[in-house]
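Handing you this structure, nothing more for now.
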Amino acid sequence: MVRYAHLIPLFPFAAFAVNILFGRRLRKASALVSIGASFISLAIAAVTFIGNARCGEGSYMVGRWLSFGGISLDFGVTVDPLSCMMLMVVTVVGTLIQIYSIGYMRDDQRFSRFFAYMSLFMGSMLGLLLSDNFVMLYIFWEGVGLCSYLLISFWFERPAAAKAGMKAFITTRIGDTGLLIGILLLFSATKTLYFRDLGNLGINDSLLTVIALLIFCGAVGKSAQFPLHVWLPDAMEGPTPVSALIHAATMVAAGVYLVARTYGLFLAHHSSLIWVAYIGAITAFMAATIATVNNDIKRILAYSTISQLGFMMLALGVGGYDGGTFHLMTHAFFKALLFLCAGSVIHAVHTQDIFKMGGLLGKMKATGWTFIIGALAIAGVPPLSGFWSKDEILSEILREGHPVLFGIAAVTSLLTAFYMFRLIFVVLFGKPRSELHAHESPAVMTVPLGILAAFSIFAGFFRPVEFEPIMMGVSIAISAAGIGTAYVFYILGNKILPAPLRARFSFLYKLISNKYYVDEIYEALIIKPSMRLAGIAAAFDSKVVDGAVNLTAYLSAVSGKLQYWFDLYIVDGIVNMAANITWLCSAVFRRLQTGFVQNYILIAFFGLAIMILIKLTGGQ
Amino acid sequence: MNVAESVKFFLPELILAASAVAVLIGGLFVKKRAVLGAFCLAAILLSILCMPHSYEAAGPLFSNMLLNDTFSEFFKEISLLVIGLVILVSLGYRPFSDEDAGEYYFLLLAAAVAMMVAASSNNLMMIYISLEAISLVSYMLTAFLKRNPFSSEAALKYFLFGALATGVMLYGISFIYGLFGTTDLSAISGAINAGGANSLAAAVALLLVFAGLSFKCALVPFHMWVPDAYQGAPTPITAFLSAGPKAIGFAILVRVFLKNFFPMFTGWADIAQVVAIITMTAGNIIAINQEDIKRMLGYSSIAQAGYILIGFVVGTSLGIQAIMYYLLAYVLMNIGAFGCVVLVSNSIKSDHIEEYSGLSKREPVLAFMLTVFLLSLAGIPPLAGFFGKFLVFAAAIQSKYYMLAVAGVINSVLAVFYYVKVVKFMYLNEPHTMVREPKPLSVKLALVIAFIGVLAAGLFPVPFLRWIGSSLL
Amino acid sequence: MPFPLLSSVIFLPLLAGLLILFVPKDRTGLIKGIATAATGITLLLAVAAVLGFDYNEAAMQFVEKVSWIPQVNINYHLGIDGISIGLVFLTALLGFLACIGSYGIKERQKEYYFLYLLLNTGMLGTFLSLDLFLFYVFWEIVLVPMYFLIGIWGGPRREYAAIKFFIYTLAGSVFMLLSILALYFTSSPHTFNMLELASSGSGLAKGLQIMVFIGFYLGFAIKVPVFPFHTWLPDAHVEAPTPISVLLAGVLLKMGGYGFFRISYPILKDAAVYFALPFAVLGLINIVYGAFVAMAQTDFKKMVAYSSVSHMGFVMLGLASMTVTGFNGALLQMFNHGVITGGMFLLVGVLYDRAHTRDLGKFGGLGTKMPVYSGVLIVFTLASLGLPGLSGFVSEFMSLMGGFISFRLITIISVLGIVITAGYFLYMIQRVLLGPLNNTWAGIADINKRELFTLVPLMAVVIAIGVYPLLILNYQSVAITELIRNIGGLFL
Amino acid sequence: MMNGLIRQLSDIVSNYGLPRDFVVQASFYVIAGLACVFAFGVVAMRNIFHCAVSLALCLFCIAGVYLFLNAEFLAVVQILIYVGAIVTLFIFAIMLTSNIEDRSIRQANRQVLVSAAVAAAILSFFIFIIIGAPWKTAAEGTATAPGLEDIGRALMSAYALPFEFISLILLAALVGAIVIGKAKKQ
Amino acid sequence: MIPQNHFLILGAVLFAMGLYGALTRRTAIGILMSIELILNAANINLITFNKFIGGPDGLGQVFALFVMAIAAASAVIGLVLVIAVYRNMKTIFTEKMNILKW
């Protein structure tokens, strides 16, 4: 077993430190620092990958992190096929996207800051993949979330970007809270937090289910599954390489990775897996429908990502571990490719509305063709990588006996092919719909596109494929139907057919184009009430809690005549009642001191008489 | 011990009495109050020096009229401390003239003698006479600003209230005489311990005596004279009133009730407890509203008396130690505070608290000292006032008077309001004027003594506690 | 006699303060120099204590014991153990940094530095005393300079805030005094020695323990502050000058928590068990309620102040759990909160010095003008909202873990507080740093070297503990283990 | 003188069959009653001059009561000090401070009713207590009143200290009265 | 023989009268006169007890003698104070002596 995997995340972290501290002096060189670090990580990851294949899997301890009162927590790394595969994907895609970013971010003021964040992300993501326990995973999990936040609001001068970053962070954090509770519950029930122990925990099923579902909450947030998917489309406010790396290829896949990593927990009881499956299915379908009506090139891809992640969840949920993880890998390549192509297009035309583009294939050859390759891959056209993984998922769903889910998956596949080619046809073909001065991007951008395209084509062959002719046929048919429909709608019928359809199903269209009103519902049910609750709490705090015990302040603040006091008493009302009563005492007692000496004597003797009376009655 | 044998143990008092007469006569010829004051201080020092000698054969003096013991020695020394500090403060008090200085110092020394006699009185008759002596001298000193209506009014009110209070006490003493056939405390104590005192008449007589002493100690409901008298009296005399008679009043309370009448007193503890709680609460609550610093300190001294009374209610050895320590601390901090008031009023001609605005900028050292004295009165560690409160509450807790202790601490929080109010004006507000007056050396000296005393008694209470411990009854 | 290290730590600031009193008022440079040197040497002495500290030893170290008032068995008794060492270091560190942060104070500097140093003495003494009487004395000494520091150098409503702080905390502490006395008189032989009381204190009847516990609770809870005694805190923080806010949040609040660790729990075990559930509920209220109120604030400083209320809730929760995890978490949370919130207040001060407003609604887009400031602010914000990898996470996680073992439902609701915390902190970041630049601040300058100097050490601590918590856990864990064993808590 | 008078009166009443004590008793009650009446005059009359005169008469009656208590010396001192000195002083003071019209205006303030109630309550308390109290009494017949000589000797021995001390008080009062009383015009 | 209690009751009545007067008289001199009544009440008690207790040294009578002396001294002081107030405030009515209050 190889024992240097823990070095993989260190280089990007070092690059982050260098860039954040000396970024201003390094300027463009900071890109080289980051890319260099990624490349070293890639190299080590490759060695690990090969070593793993040769020496077998396992995990080893790196260092002690917590230790107190007989309790300790050691951090270690897991090296197994899943982590090795993901390490390779992340390092490869990450390195390529960073190279691409040199071109994309060329003119940005905060160039070095961008690469610093990218390195931080790389480090965190790699750490996440290598974690061998929940705490370590949670740490890096939040770390990638932070990078996501920082990079989404990288152009923070844009209010939308600032808001989107916050939305992403908080939405995922809601899921993370579930994860955290799950971790706490797991620890309190089993005293272990290591993944390697998940297989035989020896606790009852219902508790196990609860833990699994809580952990799944984290995955739902991170992988933008329904109902926490709302942040991902907004996250497209970030620079496109970020969208490609974080919000398509790697970070959002972490949720799927988490489920896969803790699969033992889910397998222990079937009810938790069903949840995963249905959440995945709903997400996949819902996002796909939204993607069909959206006009923003990046958002279409974002919904597509959500949909594909749902697909993976669905696969895992029905027990298709292999298919799910396989799709995780292939998706990383082709979705990164698609985003980078989209970025290249945006870079060229400075708009994201697809209906302002058109006919770009002619002007942007490299971008255009790689775009098409990506689209074919995602649509599931053989022999590109997407075909193999998607096909495997579909067959696994059917094999496990879930006809309803299979139906949803099939429809989703159809929709996927449709909206992808809607995009392709509208953007690359036809005539330009507005005045565009499109030009091909520089080589630093197109070369990574090429490499990714190659991966998108060939990644399907990284593992042996089982041929199931019938199933394959079905898959191909679905893809073809989707592409064909898109062709009919957007090439042949160009804008003739969609309009009547839209009118015919106006309610449906409205529902879908408004993203099922999920954001609005959250706004009304969660955000506004909690803001109002905060306001109420603040008012309660300053008026009631403070007021009731405000006797002190009141006494010291007010001094003066009885009249004045009376006014205040009337005006201030009930809240300061306690204070006022004391104040009244003070004023009244003070008035006892009339200055009239016989009053004094009278009071003294009155008191004396009372004392004697007490003694008389008490004594007998 | 008869007269002839007693005289040599009476030397400190005799020295002071002789000096008093000497000052009175000297005042006719020497019209410099500084000289007369210095002479008085010298007499006081001499008296203090003679004191240990007079305790070598402590015991009953003058046919048992007096009992010279370490307890009385403690209070005699406190009395001399008070008078000494008051003389120092008086020397720097602007409204006093040189004209009547001889009479003034004569009266102060007479008060010293009266207090010393009162502290060692072992006979109710002697207690009555010496208390009347203290009172009469106090009335006159209060009225010493002859042309000042405040001073005269204060004195008359004080007088009317006081005369009545002592009349009531006298009436009570006459009952005790009727019940026991004697006014000698030791004899009465013997009779009580023999079990002959369970009558209602005895209880009421005791209450009347308590009332008379309450007047001296300013306990509710016999406190009403305090604010008026304190505000109207010349400030050095206010300092004297707040410290001297009160200390002696408590000394006599302890001697009469806790030493000699203890079996009878136990029945009164509940009422004394209520009196303590009402006293401190009333003093504190009313003080919050005051605008005149002397009046405010008057109410504060009422409240302080309430705390001291806690030690009395508890009545244990620790309680008595607490009373003694508290009184010592109280004398230092209260006279210190009034000394500061004297200096401030010398320059701004006002005792209004608002006029203290920005004192820290005008007179930083003075403001600092006044702050320390006020914080000590408020019971903030590590100052003497805190340790006094600590002992008082400790005594209460030790004897399981939890209610009393809780009332005490709540009150000490209330009290912070008005003490800190003065501090607030001094430090947080801007000065109205930047007038700086030269400060008389004598007052500075008094302040330094009080300041060092307050710090030392708070930080290093050991010698003080040892002193008190060896002075217990 | 060995070198009296702890006495030096306590009294060096006081001596320097007295020295300052004799320096002419206008020699401000010298005054600052003395103050800085004194706090700096104090910090070095504290570091020396840390280096010389043997963390495998649960007993008190560097003990100094001199009879003070033998008549009532009061001793001048100092010592340091795993529970106090972190807080002493924190106090010395913040004392030094806030002293440098005080250079911005331009008025009445002589008085300021005198009071500041007196405050330092009080705080350090509180953490180092092992005699209840001595503890109380130092505890109260803190009040007076604090009153002046808020009242003289504070904001517009400083008088109100200062008196409120004073009265509130005094009201709590006088009840503590009664409890101290009750402990003294119920122990035999009568003693104020915390260690002896802890080893023999179980003799108290439960009913009495509960009364005594409540007395201490009032004292400590007001300092922490625990709902509903927290209302002094926002006022005091908002009005206090920046360095004083730093100490207020960084150190003073810890005095309350420390009291629970040092006095309430070890001495009053049965009562501690009795009050575990109420403590947990109060912790929950602090966390969630504090977070909600913070969310509604428009004043930057007030928001941070309420966040303190929320964060200190974790201390309560950890304590309530009576587990080794929870206790370690609670103690660590105190340290971390001190560092993080101290830094937050320094950052608020940096902004206020430039903008003269703290209204969150009036900023916007400062990220472009103040990149370094933004970076630092973001780090502290993230630490504050419990981002893993930074120190706040470790202690919150441990507190929650402990809480979860004992109070499952309460802890789950508390975890939701974390989401709200993230919400208001990010909302703050958005309103201050992000978005288009508000043109009012076009000329605003970035953080300067001196300010950065005060923040970098804190940031280093935040990151170091976040990455490698054993750095500090090693120091405290043996003492906590001993404490848990002593009170019969859970080793979970 | 008075004893002789009473003895003669006693002889007379005994002739009428009444007990010999009757005269003594009757005269005591008459004198005591008069003392009360005059005392009431002091506190209730409108003209302050009349009050002072009433006070003098009251004190005179009290001196008479002292005779029944075998305290002839004190009766004499009572008349000398109180009637002779103190009441005269009061009258001087009244003349110095009051205008003619002031002397006969309303003399009672607004708290008459409360005061009467308090005074009555305290009186009834005291009477209740006095009746029930176990006063110390000497065995029958052994009680001897001190003669003038006894008092004089006591003053010089057992009570020497208070006696001397009172001289200091009187000196102080004198000095104080002079200082406060003499006020130069400013 | 006249019973002891009757003397004492006379004393109590005088005490009560004096108290009533002290509480209700409008002038300071009136109050002073009332106070004299109270002192006399105490004196009657002292002398009565002296008679019934006996004793060689005549404590009660001596005490009463001292009381008279002190009463004289205090009357002097009281009247001087009345005169001082009259001089400064031109009044002898207690309800007008209220520049010191509250």
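Order of writing sets the labels: A, B, C, D and E. Residues in every chain begin at 1.
Note that in this section a contact is a pair of C-beta atoms (placed from the backbone, for glycine too) under 8 Å apart; a residue touches a chain by one contact, two chains touch by 3 or more.
For clarity, every value in this text was computed on a predicted model and none was experimentally measured.
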item: Both-way neighbours, i.e. chains that touch subunit D and touch subunit C; value: A, B
item: Comparison of B-E and A-D by number of C-beta pairs in contact, larger one; value: B-E
item: Chain whose average C-alpha position is farthest from subunit B's own; value: A
item: Farthest-lying chain, centroid of Cα atoms versus that of subunit D; value: A
item: Intercentroid distance (Cα basis), subunit C paired with subunit B, Å; value: 43
item: Separation of subunit A from subunit E, taking each centre as the mean of its C-alpha atoms, in whole Å; value: 94
item: Between subunit C and subunit E, centroid-to-centroid distance (C-alpha), Å; value: 65
item: Inter-centroid spacing, subunit C versus subunit A (mean Cα positions, whole Å); value: 35
item: Residues of subunit B engaged with two or more neighbouring chains; value: 125, 129, 132, 136, 139-140, 143, 146-147, 156-157, 160, 164, 168, 175, 178, 181, 200, 204, 227-228, 289, 417, 420
item: Contacts with two or more other chains, residues of subunit E listed in rising order; value: 8, 15, 18-19, 22-25, 31-32, 48-49, 53, 55, 66, 70, 73-74, 77, 80-82, 84, 87, 94-95, 97, 99-102
item: Per-residue overlap in subunit A, given as positions that touch at least 2 other chains; value: 552, 556, 590, 593, 595, 597-599, 601-602, 605-606, 608, 612, 616
item: Listing of all chain pairs that touch each other, if any do; value: A-B, A-C, A-D, A-E, B-C, B-D, B-E, D-E
item: Touching residues (chain side subunit B, partner subunit D) in the complex; value: 2-3, 6, 17, 20-21, 24, 61-63, 65-66, 100, 103-104, 106-107, 110, 113-114, 117, 125-126, 129-130, 132-133, 136-137, 139-140, 143-144, 146-147, 175, 178-181, 199-202, 204
item: For the subunit E and subunit A complex, residues of the former touching the latter; value: 19, 22-25, 31, 94-95, 97-102
item: Residues of subunit D defined as touching subunit E within the complex; value: 21, 24-25, 28, 32, 35-36, 39-40, 42-43, 48, 51-52, 55, 58-59, 62, 65-66, 68-71, 73-74, 77-78, 81-82, 85-86, 89-90, 92-94, 96-98, 102, 106-109, 111-112, 114-116, 118-120, 122-123, 126-127, 130-131, 135-138, 142-146, 150-151, 154-155, 158-159, 162-163, 166, 169-170, 172-174, 176-177, 180-181, 183
item: Sites on subunit B touched by subunit E in the complex; value: 125, 129, 132, 136, 139-140, 143, 146-150, 152-157, 159-160, 163-164, 167-168, 170-171, 173-175, 177-178, 181-183, 227-228, 231-232, 289
item: Touching residues on subunit A, where the partner in the complex is subunit D; value: 598-599, 602, 605-606, 608-609, 612-613, 616
